[in-house]
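Provided herewith is a single structure, encoded as structure tokens, for subsequent inquiry.
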Amino acid sequence: MTHFHLCTAARSLLKSYRHREVLKTVQGLRVREFRNMYPCTSIAWHNSMEEILRKTVAPFPSYEMRDKSPPPPESNNLEFMHFYKSIEKEQKLEFLEKLSYDFGVDHRWASDLAAKLLDTQVRDVATILQVEDRLRYSLTPRYRQLLTHISRVQGGVKFLVDLRADLMELASSKITDSPHMRDLNSTLKSLLSEWFSVGLLRLERITWQSPCEILQKISQYEAVHPVRNWTDIKRRVGPYRRCYAFTHASMPGEPLVVLHVALTEDIANNIQGIVREFSTLDTDEDVNKINAAIFYSISSTQAGLQGVELGNYLIKRVVRELQSEFPHMAQFSSLSPIPGFFLWLQGALGQHKKEGRAIELLSEQEWREVEDVTGAAPGAPALEALRRLISTSEWIRSDRLVRALEPALMRLCAWYLYGEKHRGCALNPVANFHLQNGATMWRLNWQADTSPRGIANSCGIMVNYRYFLEETSTNSAAYLQNKVIKASEQVMGLVSQFQKNSKL
Amino acid sequence: MTHFHLCTAARSLLKSYRHREVLKTVQGLRVREFRNMYPCTSIAWHNSMEEILRKTVAPFPSYEMRDKSPPPPESNNLEFMHFYKSIEKEQKLEFLEKLSYDFGVDHRWASDLAAKLLDTQVRDVATILQVEDRLRYSLTPRYRQLLTHISRVQGGVKFLVDLRADLMELASSKITDSPHMRDLNSTLKSLLSEWFSVGLLRLERITWQSPCEILQKISQYEAVHPVRNWTDIKRRVGPYRRCYAFTHASMPGEPLVVLHVALTEDIANNIQGIVREFSTLDTDEDVNKINAAIFYSISSTQAGLQGVELGNYLIKRVVRELQSEFPHMAQFSSLSPIPGFFLWLQGALGQHKKEGRAIELLSEQEWREVEDVTGAAPGAPALEALRRLISTSEWIRSDRLVRALEPALMRLCAWYLYGEKHRGCALNPVANFHLQNGATMWRLNWQADTSPRGIANSCGIMVNYRYFLEETSTNSAAYLQNKVIKASEQVMGLVSQFQKNSKL
Amino acid sequence: MTHFHLCTAARSLLKSYRHREVLKTVQGLRVREFRNMYPCTSIAWHNSMEEILRKTVAPFPSYEMRDKSPPPPESNNLEFMHFYKSIEKEQKLEFLEKLSYDFGVDHRWASDLAAKLLDTQVRDVATILQVEDRLRYSLTPRYRQLLTHISRVQGGVKFLVDLRADLMELASSKITDSPHMRDLNSTLKSLLSEWFSVGLLRLERITWQSPCEILQKISQYEAVHPVRNWTDIKRRVGPYRRCYAFTHASMPGEPLVVLHVALTEDIANNIQGIVREFSTLDTDEDVNKINAAIFYSISSTQAGLQGVELGNYLIKRVVRELQSEFPHMAQFSSLSPIPGFFLWLQGALGQHKKEGRAIELLSEQEWREVEDVTGAAPGAPALEALRRLISTSEWIRSDRLVRALEPALMRLCAWYLYGEKHRGCALNPVANFHLQNGATMWRLNWQADTSPRGIANSCGIMVNYRYFLEETSTNSAAYLQNKVIKASEQVMGLVSQFQKNSKL
Amino acid sequence: MTHFHLCTAARSLLKSYRHREVLKTVQGLRVREFRNMYPCTSIAWHNSMEEILRKTVAPFPSYEMRDKSPPPPESNNLEFMHFYKSIEKEQKLEFLEKLSYDFGVDHRWASDLAAKLLDTQVRDVATILQVEDRLRYSLTPRYRQLLTHISRVQGGVKFLVDLRADLMELASSKITDSPHMRDLNSTLKSLLSEWFSVGLLRLERITWQSPCEILQKISQYEAVHPVRNWTDIKRRVGPYRRCYAFTHASMPGEPLVVLHVALTEDIANNIQGIVREFSTLDTDEDVNKINAAIFYSISSTQAGLQGVELGNYLIKRVVRELQSEFPHMAQFSSLSPIPGFFLWLQGALGQHKKEGRAIELLSEQEWREVEDVTGAAPGAPALEALRRLISTSEWIRSDRLVRALEPALMRLCAWYLYGEKHRGCALNPVANFHLQNGATMWRLNWQADTSPRGIANSCGIMVNYRYFLEETSTNSAAYLQNKVIKASEQVMGLVSQFQKNSKL
């Protein structure tokens, strides 16, 4: 592994060098000998890598021949897949970089056609459209064809999903950020978007009669409220519950995105009643007690499909499904965790302590309670005591503190969700997901997840994002285009309390 | 309908005008008021058409917002589909032309980016790749998004397949040949190619236990050797027969391409034994009598999927399927019709008559037989008599003529298949299909289809295109790239006889 | 075949001889050498028959060993099945007779146990029950075991169903009526009743998506209103229609009893609108137009299951199915043919002619109409003319006659259905079936089946047997036990008109 | 509960009284008022019980009406089922006793017909057969009809299976042993035998793709080698394993009997390699490593189907299934536990100690080893030490003892399996099962099940019962009829060693 780290260090150096010096010009780009750039890997390996690529990436047909090239023998694709699966992570990086460099767009060709498009001689529509079409064709990376051919092999689509997961991991680990790799990633993403288009997905309801293989996977994938055992999962697919997944013809038996729904009388304000208490579940469903559908967990299972919209469509399909099963159902809402709130809060407490603005976080009355319970002196000591209580989750054991901190934590959390942004969108990823879908930030719920994990992540608070079906398109557009968050009075009230307090 | 013809006449005039005068420049293209151009249609119709398009074709997001635009409400897509289905053929033409004109590529944007790509200031890789990506994006027609959204609606993919069938029909009827329409067609084709990628297709074996709905469709689609009744179709899916189809998740119950296979002792040299005689079929299959698989019919069912390669893949999948069922099977061959041979022959006879080169078609001996049977004088009269005999299929009733004409018709047919070309490829579409797949033109069979249809289309001759599995890739590449046709000795012998004769 | 007739003649003679002379005593019954009794069949055949029976009918275990006998090798059962299938009809008769004679009840054993039961020494409950159990066991024919073992072989149940069909045919053809054969038949029937118990049947709804094999069979089995072609059957499983069948695990793909239902606004009064006119069927079903379910055809497909109640249960299951699909549906009725009415009517006309009581059939006014139309003299000539008109179905072409004969034919038909009896039950088998099920004889419909077949069989009249669900048990019991027919006012009115007329 | 015990005590007294005094005569048997006989239960309860029975057990039709009685309304059967399910165990006993007493055979009727059969006047075959048929009919308990009707209700068959399980439990708990209850039990068993006839069972292969519900049940039912968790069950249905079950149309989702098979290179001699070690299981199956099929667990799941042969048929079906999957497979064997060996051994040790014949169990050499290891004095102390070691399973921890005891325990075990009998059959129930099926007692395996349970039950020994397919019928017949056990040389060798030793 140290070897690996050395390599990545060397590569980082080379990368910056590369970008400044080596690649002065793109036209006629020639990647240097890999054996110089990656001294840590053997010549034999490079040779075999080059051999495989030469063999399996078919030459790019001319524009005229584009519809007349026979597909390469399937064995080529299988060889590529086999080779890739057999190599180590570090080698994968090199391999993909080489693929993206050597088999991308032919920049000179593209330039020539761009020049042709600008040629003032070309003025009739037909010719312009044709030049555009040629230009479009020339901008297609050569590896795109390879990816398409692989998708046709048995297991090929799954292979590409996993390959993209590798690309995502490499990108997020910052080991590489070459623009060629980004191009490869985006090419692959756009292909996957076509293949995983909603029209090609199958909605499956998962029940206790579903194949064990599926249920085991769903248990493993469930990240929001972990499944503890098979009794647990049995309940999550039993009465007063629904579990749906999208699957795809080319990846049989593999749920792509999973949505857990609880059928309740009112919009649930805590998760305990859904995943830990089952008193009502022994009996058959009483349709008269079902007025609301609570989406309490949604999980994507394929890292390689990140950015390919599935969750949004799944929620909408499920809503339709539930409406047809329960025609009078009118309440649809998530019950969502707030990952990141605790970390943000810790940061805020630290910041305030540093800046001596503790007072802005809690009201005087609230500070007094903290001082009383902890015996800490007002000001910094109380702030420190509070920080410790929260970071150890100990506050939850004191009923008095629980009562005392409720207003403060609720308004801080409301602000975190509503006010904290990243590039204009909600910082909190779960909020961002539901707001993109057009949901309303509807209700914060105190003591909504009292599991150790719930306390540790979000001080036990959970939030309902409610789906008012006739509003979701408008909300979604307003949020995506103008960054407007639709929130309920409760949420706005908490936000304005926070703002008032902060200004003190 | 006369109204329709008037309209199309008017449109033709306008079209030429349009192309010469109106559309002097593409940048800033503004199509004139439709009500001027198409006086035969009402203002109300144009208004509603524009309204629909304005409403359902979402604005094209900027490059930056390309991943952040919420999909339009599904109702938009349904409205588009509903509108299109409700209008007349003539209106469809206008509608699609308007769509392709008004919602295609933004040419100015593309030009600007092309200019940017050529800007000599831009010299670092990352920027170049980014400009290329923006340029690629700008070259995406705006309606592409609409088509993608429609594909996600229930029944959307089928709608688009049918819409493309309309485009193909309009194109082939020469009513329109606008470059915008061609662009729309090719955009749609490329989307369909992704959605109907082989990885997303399901191979189904059709048997007498398959749903009646499927079997009825397969009967209707069978164009090569028409199915006469349900006993007939029952036999074609019974013992010593296999019937396979590709289906697609988004068009359930709809076979896309159908392959009929006969399992025989030797490579079949006539179709009668396959579709009309069934003496051996009453019993169970005797695996020892199965040495060859004869593809005796392959039919695509969706005009809108023309150009989306399915048949080739189906044959290959079926070969794999059969190899796994019959591990020792080693002979795979088509038994194919030769549509067009008769017409070509009629043409050739006419040409030769005009040019007085009748002698080149038949040998002296052969002409003598014709003269004897018909009582016609040598030369033009005999040629005319022969032409009549062939055009009326009457020659088939005279055993003597059948014997006499065999060598001549066989070598003419071999030439037609092997020597007659269209843009370098085999003129005969069936030959072209199998040669593209890498098959060998293996054997011409005399009296192979004695049905009236078989006599009328190809003088009763059929041809086996044989699939030598280890050679198909090589053959396919050689044919597609270098126009080389792989043919057997029998075929080459007939061809050289023809050539010798022609040179006399 | 003449050979066959000779044989049966010989057998008849022998049979009577047998019953009078040979079989003086049952105890110790020894059937004579078959070769003497059936001189027309060879010794070799008898030997092989005896050999097969000796080999395949396992010895009857003693009472003590009854649970400890291993099943015979499966090959025995297969051999029995194979042998039976391979022999001729005539041989089957001999074979089954021999089976039933030689492998039936051991009469001496049964007598001994009967004596024991009467032994006055035996007075404690336990012993009595035990002797009864032994007696019951001794009364089991030995071939019962064989039948049970055959039922366990693949295809065995179907074999036994077909074997019983042979038994039924032999019985009805009066070729044999030996009590042993009757015993064999009733033993087999009681076994089939267990295996085809309703709990083991599966209700299948047949649609256009059902396997072709099933739909073809259903078309063939449809005896009530023959299916003309595949368009016809497609409609009978399409909108506003339902088709249900019972199937059984051991006879996959084989519908046992089929019920066709039309969903209508009112209780249908003719069959034309159901099987011949389909104007309303092109569209989707409008649930608001569905108020009644009309059972317009029910067919049993297995002659061998005669007497095993299936049709009754199928109707009841279908009613439940329909009630769950259409909760508000309240009208359930058959629309039934009246096979036999025409023959009965011909007989009645003949009888009346002979007895000179023509006047009793038609009223004076009605006779006058007949005389007018036919030009026949009153009395015998008019009666003869009427007979001829009816026997040729010609009357239907004269609107005047149609109007004139309606009252007469309706009241005659009502009488035929209601008043004509066989052993106390309705003579008409369809009436008997529905009355047993507890239906009410609800309405006779004039011109209800105007097909040639309908006119010929029942002068175009059809009848609704209506199922008032809350009454069916009562009606069924009243009919079966006390022969009481529940009929509507319309029917009773027609019956009393008939009676009044007859008394004139 | 004490109430219950009082009741059962009272009942025991009453029972003996009943049998001696009350029921002096069966003809005209009138069971006394239940409220007198069962003073511990209320009058209300008895009334409702009588009411239910009167209502739901239909009157027995006369012989003439036997095919003409309409089935009782389904609601009757549902009421019976509902009532029975709602009552307590103690009440069930009373209820079933009353059912079997009051609704059994009409003894007087049976006697009358028995007398008729013996009537010397009756001498023609037909009449004799008819009287026999009537007698047979009269011997049918009236409740048989009720059971048949219940079987037709949804869930009815499962209800009867459970009801029989109650009967079996009552019988085995010796609370009741009335002959009427035995009759009820045997009537029900014979009905279940018909319904669960092999022809009506479906063989299902259970895999990781099977419904979770099924896999959970199979895990729970697995009694032989308990399933510890879901990883465990996943392996038992994974590569190199097969799991099959019989299911029945009327009890969907309910495996009736389950067989676990391991596919191995040689006949397995221990269970550890099958259920606890999985090194080879990660990969795909290598068909070349599969020569033997080891049945390592077979479990019946329905107590109520005891005596209905299923396991035997399942093994035979699975053998056929495996032969078709692995045509060259030639070795089929169980790897079976030996429940009861330890208890038997403890008994033997105790007996020998009492009788001072310890020497007969172990050889001198063996005793010396025991004395050495335990430090116990020879004779009784050593015997006692050995007994303690074995009863605590401690001997397994001493390699020396393990070695020393192997010959002794193996020959004792061989004797236990081969020589110990119950009514002539093998005492050990597993041995009895496989010997009935025709297997050979093939090999005893030392250290074959080293789990605590395995050591405790059978000193770690397991046995292979091998199925030589061509011999099973012969073996089965020889065993069942003549009590002959087919055993291998190894087993016979151990047995004769035991016999030699015992004679010392």
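To keep things simple, chains are lettered A, B, C and D as they appear, and every chain counts its residues starting from 1.
Quick note on the criterion: a residue touches a chain if its C-beta (ideal position, glycine included) is under 8 Å from a C-beta of that chain, and two chains touch if they have at least 3 such contacts.
On a predicted model such as this, the values are computed, not experimentally measured, just so you know.
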Chain labels contacting chain A and also chain B: none
Interface numbering overlap (same over half, different under half) for chain C and chain D: same
Whole-Å gap separating chain B and chain D, where each centre is the average of the chain's CA atoms: 67
Intercentroid distance (Cα basis), chain D paired with chain C, Å: 43
Distance between the centres, which are taken as Cα means, of chain D and chain A, whole angstrom: 56
Interfacial residue positions of chain D with respect to chain A in the complex: 208-213, 215-216, 230, 234, 253
Chain D contact footprint on chain C (complex, rising order): 19, 23-26, 29, 65, 67-73, 105, 107, 110-111, 114-115, 117-118, 123-126, 128-130, 132-133, 135-136, 139, 148, 151-154, 156-157, 179-180, 182-183, 186, 191, 194-195, 197-200, 202, 249-250, 307, 309, 313, 436, 438, 473, 476-477, 480-481
